[in-house]
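Each of the next two complexes has chain A plus one other chain: chain B in the first, chain C in the second.
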Partner chain A sequence: MPDTLREAGDAPRPDTPGGRDSAAVLEVDGLCRAFGEVKAVDDVSFTLARGGSLGIVGESGSGKTTTARIVVGLERADAGRVRVGGGSGGPQRGRAARLARAREVQMVFQDPFLSLDPRTTVEAVLRETLRLHFPGRDHPARIAELLDQVGLGAREASALPRQLSGGQRQRVAIARALAVEPRILVLDEAVAALDVSVQAQILNLLADIRKQTGIAYLFITHDLGVVRCVTDDVIVMRHGRVVEAGSTAGVLADPRHPYTRLLLDSVPRPGWDPKHIAAARRAL
Partner chain B sequence: MTTATLIRRRPGLAGIRTDRSWLFRICLGFVALLVLLAIVAPWIAPHDPNAVDLGSALAGPSGAHPAGVDASGRDTLSRLLVGARTSLLGPLGVVVFSTVAGVAVGLAAGWRGGWLDSLLSRGTELVFAFPGMLLAILIVSVYGPGLTAPVLALGVAYLPYVSRLTRSLVLAERERPYVEAYRVQGHSGLQISLRHVLPNIAPVVLAQSTINFGYALIDLAGLSFLGLGVPPLTPDWGRMVFDGESAIQSGYPLSAILPCLAIVMTVVAFNVVGERWADQVARRDR
Partner chain C sequence: MSTTTEPHASTGPDAALDIRGLRLNLPGTARPVLDGVDLTVAPRETVALVGESGSGKSLTSRSVLRLLPPGAVAEGRVLVEGRDVLAMNPGELRRLRTHTAAMIFQDPRAATNPLRRIGDFLTESLRLNAQVPAEEATERAVRMLDAVGLGDHVLRRYPGQLSGGMLQRVMIAAALMGDPTLILADEPTTALDVTTQAEVVGLLDDLRGQFGTGLLFVTHDLGLAAAISDRVYVMYAGRIAETGPAEELFQRPRHPYTRALLDSTPRLTAPRGRLAAIGGQPPSLRQELTGCPFAPRCRLATDVCTERAPALIPVADGNPQPHLAACHHSDQLTEVTADA
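Right, the complex of A and B next:
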């Protein structure tokens, strides 16, 4: 049985303080971040349930990536709180805090070619992460297990990133994130750089992994088709603000905010008129 | 960013085109041969480099002395071979010191940024402003002859070449997404910079150091030509040019021209090899 399966299910983990809402692994409350005059993120709040999957949708510049970067700790928030698991959410320093944070949240980046060190083989990437987080465990066995989990074989283990296809590279990036055994996986446009058939494979893989491990997804994307596939809930962001939130099926079937409707109408299909969309955008 | 343009070369040598592979192969072969000869010099040298035979002073090439004899009656070929050791060992010291220290300074400045960057960058620019040769002459005149003092002085003088290059490479490298990916994984900045950033920028830095080797060789040869640095009896190319001065005046230029030729060819060879390596790295990045 893979180690990650132990994290599955709804059993509260011992490090979760009692009395709190243990169903949520991530609570974001009133997050703000400004770059100069531009408010990239403006009063954003949402909750991610344990083992749930939340999509953040919006165009480029809507603040979704900044939100994700604040959640994983790559960016600092001007105001607001990010509560990850049982953590206090405040910025902590030191090795223990850093490792604890990494074990809560992991991230898969948009471009799998850039997010892997070009000089490190697949196996070495995973071994390095395992050494950092789980010293003294049987690493070769765990590496084989992780590769198997993301659908890669022993042949790819010794490959360098440039010897792999885009889909394979993204599988490596996912395996690297899973190696830490996080409770939350932030996927920042994780399939946007892949072509459509590979996108479908990766989305299926992600759905399977969530079923097996009970990991929670925070899915940042501009693609409504992706949201429909892999998320339970969705929030729609525009100009740094949340304009609509709800269950994915509900929001997509019955969008309340004109911007959400516009996003839905912008997906090309038979009888689709780009001029009409442009006019609707100007009207908004 | 093209890595090849970051490499600093001196005006006179920057004109050598290195995109011809035969030139690179010849130069690489020459460097390899030179290193080999320097290593085995004491065993293959036909005569003791310091054996004086005044009877055949200033003799031309002959069976016993293939490259002739200098004004003091010493065999030129033997002095060239044994002198290759000193002439290569000195620049090696300069390059090792300047590379290690320069990478440390550049990495710290580029990675940490902020006040440390300002401090280190201003500091190395100060060293840049001070001519390396003058610094070396100053130190030699204080500490007396010996190879260590000028090597250290030139090492300090060459440090900014390496530290500036390293800093700019680190600045570019740390913006790459894989660095953030490692941060999210929980790796410390020190770990990321030493284990991932450093190996990724190392080829370009080593290319610069290879070019620096040639320059350090000229500088050290210049110092020993001036009679500074290498102790008098030690065979050394720069020293040989100085000793050969009187021979040129007497109309027998061979004992001065040969070490000059050795110096020039070695410097050009190191330049071509280093530049070519930098080009190859730049091409691979694209």
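Right, the complex of A and C next:
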């Protein structure tokens, strides 16, 4: 696990500059979060390289979404720290701190229909975001640029969310996230609700955007095919813990943890044996 | 497209399901949402119906129980055990839904009442529609729960006390309660984790053998369809684009849409890098179709494709089960393995 920092959350490392990975845009160290008795996130550590793409794979209840929400600042951690862009990981309260975090990290959710205001046109969504983060800049030019970047035209710009298809709505959500010029985009099952042909368009779009802008992705997904397609590195989570980490190609070709093997075997393919998988699942 | 009358596998009175020329019109649309669908399921056979949203795959499966949207006008025939569902009176329809065909939906939480115990839920249909005494119905519920690997303590539980995978197994038990000859499963594993999906699919497969039911499995997941089914139908814009034995259809797709779907799926075995995405969108329901519905997105399309709708015709022989495709240029498609 070359990329994974594994230290206890209650024993933070000395804050010396030499101890930092200067190539990392995101360092997560010893993250813990409990909901009552349940340890949703249990000592999770990882780094995301500048312009890199890290997948977090796991099933429901693995803690992958809670981890993502802590990184974005939608959820607080009981212990551990999140360092974005080599920052201090200091206090996260208050409007200024929230805006500062939003400038660095943006999130795209699974269902764009729920994350877009049904009464606001696409153009107005982008204008509102730009006004909040960049008062006094030339917004119409930037809006046109953003729409072009995600492959939307003038017709879609004046449309309301309900007039768009699922794929187009997800493009709007990506454009809104990019408007802030973040260094990290957290994508939580962002292509899971899309049809395969549209999903392929969005995955290609995300690959292009990363190449053009050098933005880094934290890609939360349950789909190993998607992970293989868009990430450089991957961590596998189960019951709140990281069970395996490494390069995506390495982990998928040569999984070391039995749970990773089970996940891989569970992907349906011709000659697939569901009974064997069910037995392996019970044995684990 | 005119209704095709090509011979299908397992047609006739023995089929668990035999849909012929099903056409469905909805108010406010410019074209039929289902346009001449032919589909069969034999006893003990698993048939996958694959398509993207709006392709009509769910409407096709729902029409088997005549669960149609308000204002829908259906033409054609939907024969379950040789009897036309579209012509049934309310009493016959009730018997069909209680005893002959059962549906398993995607979201088991949405299909159960959170305030009623599993026992009530399982026995309700038999008690109310078939006047089976409560004791006898409960006995059967216990047997069916056992068949899906759950104990009888589940009878006293509420849906909220069960996990998604357990609740979907309860839904399968519920589907088996009336001893149906046909199970319609509409994306039954989409809401489940991958490892749970394997368990539910394995269970459905077991029960199909054990109870002799035919299974129509509606899914958007080509990999899953390939893994579990004997035969596959691929739908696009309310029509069957291609049908054939699962292995053959995925190895040698003869419709450009099937081929494009396979190419655009991120898989563990395909080469890494950019996916071959299909440009554009499926045709809107507000738009009339003249030629092949896939023509605007198809790299093989020529003038004939926009002028004339292709019929669903045999594309390969030498199979016990026919392989049919609705494409003017299906002979131009090469094997997936050859240039993947």
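Convention: the second predicted complex is superposed on the first by the 260 of 284 C-alpha atoms of A that agree within 3 Å, B and C clash if a C-alpha of one lies under 4 Å from a C-alpha of the other, contacts with A are read in each partner's own complex, and residues count from 1 in each chain.
The working rule: a contact is a pair of C-beta atoms (placed from the backbone, for glycine too) under 8 Å apart; a residue touches a chain by one contact, two chains touch by 3 or more.
Predicted model, so just to flag it, every value in this text is computed and none were measured.
After superposition on chain A, the partners chain B and chain C are seen to fit next to each other with no clash. In the superposition on chain A, no contact is made by A:Ala144 with either chain B or chain C. In the superposition on chain A, A:Val72 makes contact with chain B only, not with chain C. Chain A has more of its residues touched by C than by the other of chain B and chain C. Of the two partner chains placed by the overlay, only chain C lies in contact with A:Arg228; chain B stays clear of it.
Once chain A of one complex is fitted onto chain A of the other, the partner contacts of A:Arg269 are limited to chain C, with no touch recorded for chain B. Of the two partner chains placed by superposition, only chain C is touched by A:Asp195; chain B is not.
Applying the stated contact rule after C-alpha superposition, one finds that A:Ile277 touches chain C and leaves chain B untouched. Think of it this way: put the two complexes on top of each other by chain A, and the tightest Cα contact between chain B and chain C is 14 Å.
Against chain A, in their complex, chain B makes its touches with residues 176-178, 180-188, 195-196, 199-200. Across the complex, chain A meets chain B through its residues 72-74, 95, 98-99, 101-103, 105-107, 109, 111, 114-120, 128-129, 132-133, 173, 176, 180. Residues 59-60, 165-167, 195-201, 203-204, 207, 222-226, 228-229, 249, 252, 262-272, 274-275, 277-278, 281 of chain A are the ones touching chain C in the complex.
Those residues of chain C that touch chain A in the complex are listed here as 52-53, 164, 193-199, 201-202, 205-206, 220-224, 226-228, 246-247, 250, 260-261, 264-269, 272, 274-279, 281.
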